[in-house]
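Here chain A shows up in two complexes: once beside chain B, once beside chain C.
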Partner chain A sequence: MRGLLLIFLVLLPVSAQAWTEAEREQILSFGPWPPEAARDSSNRLSGNPAAIALGAALFSETRLSPGGIACISCHQPQKGWGDGLARSKGMQQLDRNAPSVMNAHLSRWFGWDGASDSLWAASIRPILDEREMASSAERVAATIRSDAALTCQFEKVAGTAPQHLVDEAVMVLGAKAIAAFQETLTSGRTPFDDYRDALARGENAPYPEAAKRGLKIFLDSACAACHTGPSFSNGEFHDTGLPYFMQNGRPDPGRYEGIKRVRANPYNRLSRYSDDPDSGFTVRHVALLHRNWGEFKTPSLRNLRHTAPYMHDGSKATLIEVIRHYSELDEDRLHVDGEAILRPLRLDEASIRDLAVFLETLSASNVPDAASLERWAEEARKCRK
Partner chain B sequence: MKLWSMPVMLVALAAGSVQAQQQSYAGPLIDAHVHYSHDAWDMLPPDKAIAVLRNEARLKRVLVSSSSDDGTQKLYAIAPDLIVPELRPYRRRGELSTWMKDDSVIAHLEDRLRRYRYVGIGEFHLYGADADLPVPRRMVELAKQHKLFLHAHSDADAVERLFKHDPDALILWAHSGFARPDEIRAMLSKYKNLWADLAVRSEHGRDGKVDPDWRKLFEEFPDRFMVGTDTYTPERWYYIAEHASWSRDWLADLPKDLAERIAYRNAEALFARTGFALPQ
Partner chain C sequence: MKAITLALLGPLAASAAAAPAGACLNAPGTMHAGSLAVTPVPSPIPMGKPFALQIVPCNAAPERLTVDAVMPAHRHGMNYHPKVIKTKNGFRAEGLLFHMPGEWEFVFDLRFMDGRSERITHRIVVK
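Let's look at the complex of A and B:
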């Protein structure tokens, strides 16, 4: 009888198996979603509707770049606010995948290397980068000043005409407006969120059996050590054993260079352009470590269905490929005293599929689209004195 | 008054203050922790690897061990003045957690020791009681027989066991055991033939300043420490020059004599204790 009971327990599907209290707590930590809107204290335009409208207009403004590249060129609404390319292309071919800007406002560091510590600084970076938009403060200011509607909207936002400000100040305010717009790009609820909330209420919610098994694998295999919280990202940087050579044969230094750049960034939270220098304690205290060489930011796992390909270099076309990478991880590429959490998952095919199904349930069907961008931008474009 | 509307003020702020920069240590530097393993050979052929060490990192000498040892020999063949070879007990990558239980490792070591000259055996990974297994014991005997030091990526326990096997052994403690300064102090006090490399450690010299606890340790044991990068992936070869620059920054925060000892003299003194004659 005892033997039969054991067999029954072993065969019991996860669906009928109650989560342990620790597992339940961990599952609840992935919500609630959406998180409460929080304003960026370093950006006085954060949450300002007029600035959001200006930012939306600037987000798709091709005149900002001599090559006609706009933010939207690499962050396309119909492609999950990425560009669908493995490695992105601006004025030149780039070495990294364009990360989605959806939910980006929930980050502490921005970009795969965290070279920016605010969304507005992260918006300035590609504008000035010769490989991306190859623009300048002069060009950004001239574009805004030469367009009546943009000038009107800018004045409404800044309280003064762009003609009365130096070029750099116009660019920074423009970037802060772009950041204010990006803060509106929060994705909708997902099947996982419904399941999670029901669990919080002590209720059952429809959720695929395969997704539950995948969630169990996710919890057991320490994926959740780095993919934490409602965004499924700890917002920090790790070596995941992936090669990180660039097309020129040199390695991408990743976070190592990112720390150097964020410290030296004239637009960081400690800078004179920050509206809350006290919020810059992270950049003041971030330490440059040898281990940072080749580390990249833990990406959010939300909306993966919309944001392929994956990894910092877009080298994985599908979620199955990503899972296989962690399943067959080359431990020799990891320092034995470095990423001690990472070990090959050694998953069988069924488990790989289950984990992929779980990850799919983190994608929302209701995500911000081009129409939401246009609604905001239209408001700016019709601005008249 | 808004800063935004004050161009004159912006210009003044832009001028900023120029922080006084500390001069970097300009003397010779030895990197005591480099691997040139098989997956680096195609990406960085030997001549380019030597150029990284000699021209980009401006190193005086480099202690190299590789999986396989052929990598070390490729470099040594074209730059014997620069490369100081040591022998790993690994024939390929992927053996770091199994070698100590693999009897064939001894034949590998004996074969290579017959055919080539080395300054040490290592870097090997060995923890706790595994150091008492027959393969590590025989390795210690070989080191004694050939007058070689042991380069141990080990916890303190394994290092102590190695010294029990041969109280006169010379041991270079990789990464200083990733131990705290007080733990390192205890080991260096106990074993006069123990040296420590600083590979993959950042805490002793952040932003060009030597941490006070580490400074005390360096001052107490000026003859025991040396610097190292650890190129455990091919990509990290391109970190060697950055690491050298980083090391020169914090070495400059030490008195000249102490800086020179850690930068290269301690490594040369350890090499001189072995049977390997360094080319001048």
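Let's look at the complex of A and C:
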């Protein structure tokens, strides 16, 4: 009998992961999911159903750009609200991967370099960027004013017709409506969420053994230092050891330039267009540091199955490639005076596969789709005075 | 500078354990860092969210006080510059945010009217 018990105990770590109290606490910190809906106080249209409908219609409005580029061109529902390209393409070829806008509203900073401090400011940025939509406040306002349904819906949202507002005010309200729509793009629950919640209740839930082993690697390595909380992102910026140089040979300054841009952004949370300048903590206090050069935002690890390729430059086609990058990290490339967080993981092939299986369990099968966009947009398109 | 900080850590760790004498506030969550009573707002300090510190000197009040925080194990500080303002009872530092879990070290630099300066450090673990 004792012999059998010993055999059972030896096998136990393989068949059932026993977590320490500290590990359990850390696992619970990755939930609950979905998080409670919170309105953006800097956007008075946040959570407003009429604004969400207007925003959905504008999200896919190709007339906003002289080149027929809409938000949806780079944030496609069927591609995890990204575009599936390594480096995105607007009016011109761009330098970075289009980040998914799914769950984006849970961020503190927006874009790989955090050049925007709100979702509505992040929606204005590509509209005005010559390489992306190459549009203008004049063009956005003219598009809304020239379309009866958009004008009707805008008036319902703003309380006044777009003809009575200056172009810039129309563009900002349009962007706030686009942000209100994007706030609805919360992904569904995942196998990990079910496992995490069962653990919180002191119960067992079916969860692949490989995923448990991968989760253990995730907790023991530096991964969980930056990929924290229910979004699996601390929302801040780090040097991940990728090349500084872009395809055209120029360096990408990343966060260093992003901080300068968000401070100078006429649409930041401290600006006259913000509905709550007191919410501008981040831009008011953000520090510009030498180590910010070449740092990029920690992406969420949710829904990776839907959002390949990966990294800010889209240079990794698969999760296995991403894990290999961190496993074989070139330490000489990292800042000598930068953070001392990353070390090569030095994982064997089986561990690489386990970590990938764990990351796969962070993807929801139920994610917002094109139909959800269309339902909202249809409401705006039907608007009549 | 690093050597000075490290030298201070020993006695400060001891003083942090015992409440200092004087008229220091001792609100829930108050930390005693050397001659300072430090109360986070909110308390406990939330990971990844802004917080402030109410700082009450227990002995002579410094003329000037600056606050910073670092993660010694990760060799980095905060991504935000706190702003310190004088209050009726001491100081209030606003604009702090701990963006990673783990051990953080507060660094308080005090400058007194008579030209003396003092550095006080205090470590906490954020989850």
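Observations, loosely collected:
The rule we apply is simple: the second predicted complex is superposed on the first by the 368 of 385 C-alpha atoms of A that agree within 3 Å, B and C clash if a C-alpha of one lies under 4 Å from a C-alpha of the other, contacts with A are read in each partner's own complex, and residues count from 1 in each chain.
The working rule: a residue touches a chain if its C-beta (ideal position, glycine included) is under 8 Å from a C-beta of that chain, and two chains touch if they have at least 3 such contacts.
Predicted, not measured: the structure shown is a model, and the values here were computed from it.
Of the two partner chains, chain B is the only one that A:Leu173 touches; chain C does not reach it. In the superposition on chain A, A:Glu25 contacts chain C only, with no contact to chain B. By the document's definition of touching, of the two partners only chain B reaches A:Gly294; chain C does not.
Within the superposed three-chain model, A:Pro251 lies in touch with chain B and out of touch with chain C [touch as defined at top]. Set against each other, chain B and chain C touch different numbers of residues in chain A, with B touching more.
Of the two partner chains placed around the shared chain by superposition, chain C is the only one that A:Val286 touches, whereas chain B remains out of contact. Judged by the touch definition given at the top, the superposed model places A:Gly229 against chain C, while chain B stays out of reach. Of the two partner chains placed by the overlay, neither chain B nor chain C lies in contact with A:Glu36.
The residues of chain A shared by its contacts with chain B and with chain C are 287, 289, 291, 338. Chain C makes touch with chain A in their complex at residues 47-48, 50, 73-76, 78-83, 94-95, 97, 99-102, 127. Chain A contributes residues 158, 160, 164-166, 168-169, 173, 243-245, 249-251, 253, 256, 272, 287-291, 293-294, 331-333, 335-338 to its touches with chain B in the complex. By the touch criterion stated above, chain A contacts chain C in their complex at residues 25, 29, 225-226, 228-229, 234-237, 281-282, 284-287, 289, 291, 338-341. Looking at the complex, you find that chain B touches chain A at residues 2-5, 7, 10, 13, 43, 93-94, 96, 125, 153, 175, 178, 200-202, 206-207, 229-230, 232-236, 238-239, 242-243, 246.
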